[in-house]
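These are the structures, in structure tokens.
Presented sequentially are two complexes of subunit A, the first with subunit B as partner and the second with subunit C.
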Partner chain A sequence: MIKVEGLDKYLGGDKILDDINIHVKKGSIYGLIGPNGAGKTTLIKNLVDIYEPDKGEVIIRGENIKDNTKIKSRLGYVSDFQYLYPSFKVREIVKFYKEAYPFWNEDRYNQLTKLLKLDGNKKIKYLSKGMKTQLAVLLTLSIMPNVLILDEPTSGLDPVVKRKVLNLIVDEVSVSETTVLISSHNLGELEQICDHIGIIHEGKILLEDSIENLKSNVRKIQVAFKGELPDDIKKNEHILKIESIGRIHQIVVKDNLEIVMEEIKKHNPILLETIDMSLEEIFVYKMGGEGYGFADIAL
Partner chain B sequence: MIDIDVTSSTPIYAQIIRGMKEGILKGIFEPGEKLPSVRDMAKMMTLNPNTVQKAYKELEREKVVVTVRGRGTFISEEYKPRKDEHKLSEVKETFKKGIIEAFYMGFSKEELIDLVKNLLEEMEGLGRND
Partner chain C sequence: MGLQTLPFNKTLFKKDWKMTKWLCFVAAGILFFTMTLGVINTYNNYQRTLKEVEEHPERFSDFDAEVHKDYIKESLMRMFKRLTGMEPVVIIFMPMAAAALLFGEEKRKKTLEVLSTMPFTRREIFFNKVIVACVNVFLPFLINAVIMLAALGLSKGLRNFYSAGMVMSWLGADVFRLFVVLSFSLLFASITGTSISHLVLTIIFFIFPIGFAGLLDMNMSLWGYHTSVIDTFLNTFGTYTMPGLLDGIENIPIVFHLISAIVMIIAAKLLFDRNKLERSGETLEFESIETFFKVGVTVCTSLLIGVIFTWLIGGIIFFSGDVPRIVTIVGYIIGILIGWFIASYSIKLNRVKA
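Right after this comes the complex of A and B.
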């Protein structure tokens, strides 16, 4: 649905994006995660044709996005900052959207406004930050998008409003199978609604996978033996890392949990169990191997 | 309704499946009862609808629920729990953790067995009084 291939972007002489490749499937919620300054907003601006890539291309629904009004008429975009005319009333902004987007759905808009209790006569400048974000999201949902791109829509919102915004997105995906790309610097915020994630750091995509895959690929085992940790376990090729505290060893395994478990059982451990790992922890191990410390990525 | 721990390494869809089964066992969901639609469930718990869909499909495959076209998803009338190898080892692990805790608290073997019996009776009671 969204495909980016070999995208480079320079801003002010600096290379901000370096050979970006991402793939977002139809009906999927894709989380673009990275620290401040990683290039999230720059990438998103390329996706929605605000910036033009210096190399590579952005394909949405099978077509290049550049100057493509047909695709863009159903491309929903919520920017990180809401550029809505402050002296406009809410219903004047609505009029503006109606003019601009051919698939504008008034019923949808009215229904959503009721849900959020938004007063159409209020001026934009008197809306709170949370209200402005909600307005931007519901305006975008009312253009009947089939692709939705949201730049940090939850940053700076309180938990209640955040949940409201996320629920609007979740509902949109269930009803219309909209494809969503959503960015955040906070993995925990998106973990529950995303099925795929891409990690961006210093202008590069470090990792792109489904959350389910990530969770099942890397596992942690806790094991203890009467004596020392046997040598052939230490040398096992499927083990990413071993941390020992006294006689307890925590072993991080990649892909082949069963094989390692069988191997360990041969040495009669006095304790053997798999323990939970958070997605954040999983990243540490996956990234650790590529020379990125967790602190660098600071999710 | 169902406890979801997003940070756990158990995938969310698997947590939904476990939660539903627990709900049936406790009598929160009764045979023939209609489940919330994927859309409602996703909204209620702020989860990805694809994840909820996946859990529902798996529950259907395991014959825990049945989907009637145009009417919705229902708890199966003839759901018979069966002992599947893979699940059995999971159950064993769960018990083991509990047993270790209990021994540390100074439970004897007999007291532990009594405890399990009481818990079982409690759960059966819940199912009936519902």
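Right after this comes the complex of A and C.
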């Protein structure tokens, strides 16, 4: 549904994106994560035809996005800052979108206005950041998009509105099979809604995988022994990290959980259990495994 | 083979018109109060004068009604043929302001980014902005022409003073001038990234031929060279420059200006297609012209500061214009430093962060 092939982008002489390749399947929610300055917003601006790639191309629904009105008529975009016409009233910008997008759905719009209460007579310049984001989400979902691209849509929103916005996005995917690409610094939030994750760092995609695979590849084992942690476990090549509190040890394992479990069992542990890891923990440990220090990848 | 239709888009037109219509009404108002109102009141004023003469003949001993009428007619004719009152101001600044609002402001406020994600082509966006700019600049003149024509239709007395033909010639001449200035402004709208840099550069280049010639002339005088070459050049080619448009219509090379206006619009469209949105908000849209801009500003500032510095030092220390040449050279150096700093700073200040 969304395919980026060999994309390079320079800004002010610096290479911001370097040979980016991503693939987002129809109906999936793809989370784009990475530290500040990694190139997330630049990549998203290339996806929605704000920026033109210096090399490579962006294919959406089988067609190049460049100046493509057919694709853009079903492409929804919510940016981190809402650059809506400040002198327009809410109802005027709604009218503008209604006339611009051929698949505008009035029923959907009316439904959403009941959820997101916005004063139609208020000028956009007088709306708060949260209100502007709500308006942008309302407009974007009313155009009946089959591709939604969201650049940190929940940053600066209060928890209630954040939950509302995320629910709307999830509903959109389940009802209309919309393909979503969303970037956020809040990995907990992404973990709840995404099925695929792409990690970008210094303009390069470091990995792309389903959350399911990521979670099964990196696991945490909680173990306790009568005595010290045996040396051959400490030296096991499949172990990414060991954290110890008293006699309880938490061991992060990459890829080969069974081998490590067998190794531990040989030493008769008094406690042995596997714990699910959060996306944030996986992200940090995975990056550690890729040779990036925690400081480099701090979100 | 499919026919290529004009990329008119009602939605874009309405949006752009909403953003700029106030400009049109302000210009229409200025023209009405500084020109049209006077024109349509001509007959009433004439009648009032006649009445006054009748009531107080002692005050108007030499008054001849026919001579007075001819004088009014001649004044009106001059008004229709030459630019008067606020008319030149509207003709110069209205197209610049319209282009700055439609292009520069959309770039500065990043709303052009939103537009580029919507189902509009770049061609549609450019074309509709040009149409709205044309409506904005032509409509105030058209409204005033219609008022003058309507007054003519309603008042028989007015027909003794001006004709529909005179109004139409006035309208045609001003629409031509507006079209040329608008094309010039659109060209600069396509190479600048903000409304402020657009306005500043358009104004500088508007007066550039005369301003630069004047600067050269003053500097040559400082060095003891008095030449009529610059005067001769301006007298010969002055009407081919943008300020030359403010001359009487009969002196303006219309075909030359029309062709150059069309070339400027085509160039503006080609440059707009090459605009990169990541440079929106920067002083200049193209990195390749930054050096040209810096050198241009530096040279002009150096020449200007050289003259001002020489005059100041001459007045304060030497009490005459006859000062050592080192003073002028120091002025040039100060000008180079100031000019380069201003140009570099304006580029750096607006540089968009990655």
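As a working rule, the second predicted complex is superposed on the first by the 259 of 299 C-alpha atoms of A that agree within 3 Å, B and C clash if a C-alpha of one lies under 4 Å from a C-alpha of the other, contacts with A are read in each partner's own complex, and residues count from 1 in each chain.
Assume contacts are C-beta pairs under 8 Å (C-beta built on N, C-alpha and C of every residue); 3 or more make two chains touch, one makes a residue touch a chain.
Bear in mind the structure is a predicted one, so any value in this text is a computation, not a measurement.
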Subunit A as common anchor, with subunit B and subunit C clashing or fitting:
fit
Applying the touch criterion given at the start, work out whether A:85 contacts subunit B, subunit C, both or neither, answering first, second, both or neither.
second
Given the touch rule stated above, what does A:128 touch, subunit B (first), subunit C (second), both, or neither?
neither
Of the partners subunit B and subunit C, which touch A:50 in the superposed model: first, second, both, neither?
second
Could you look at A:268 and tell me whether it touches subunit B, subunit C, both or neither (first, second, both, neither)?
neither
Considering only the touch criterion stated at the top, classify A:244 as touching first (subunit B), second (subunit C), both, or neither.
neither
What is the angle, as a multiple of 10 degrees, that the CA centres of subunit B and subunit C span when seen from the CA centre of subunit A?
150
Please work out whether A:174 is in contact with subunit B alone, subunit C alone, both, or neither, and reply first, second, both or neither.
first
Considering only C-alpha atoms, give the closest distance between subunit B and subunit C in the superposition, rounded to the nearest Å.
26
Using the touch definition up top, name the residues of subunit B that touch subunit A in the complex.
4, 6-13, 38-39, 42-43, 46-51, 93, 96-97
Flag every residue of subunit A that touches subunit C in the complex, lowest number first.
11-12, 14, 16, 37, 42, 45, 48-52, 67, 69-70, 72-73, 75, 77, 79, 81, 83-88, 92, 96, 99-102
Interface residues, subunit A side, partner subunit B - complex:
27-29, 163, 166-167, 170-171, 173-175, 188, 191-195, 211-212, 215-216, 219-220, 273, 276-280, 282
Using the touch definition up top, name the residues of subunit C that touch subunit A in the complex.
10-11, 14-15, 18-19, 109-111, 113-114, 116-122, 276-278, 351-352, 354
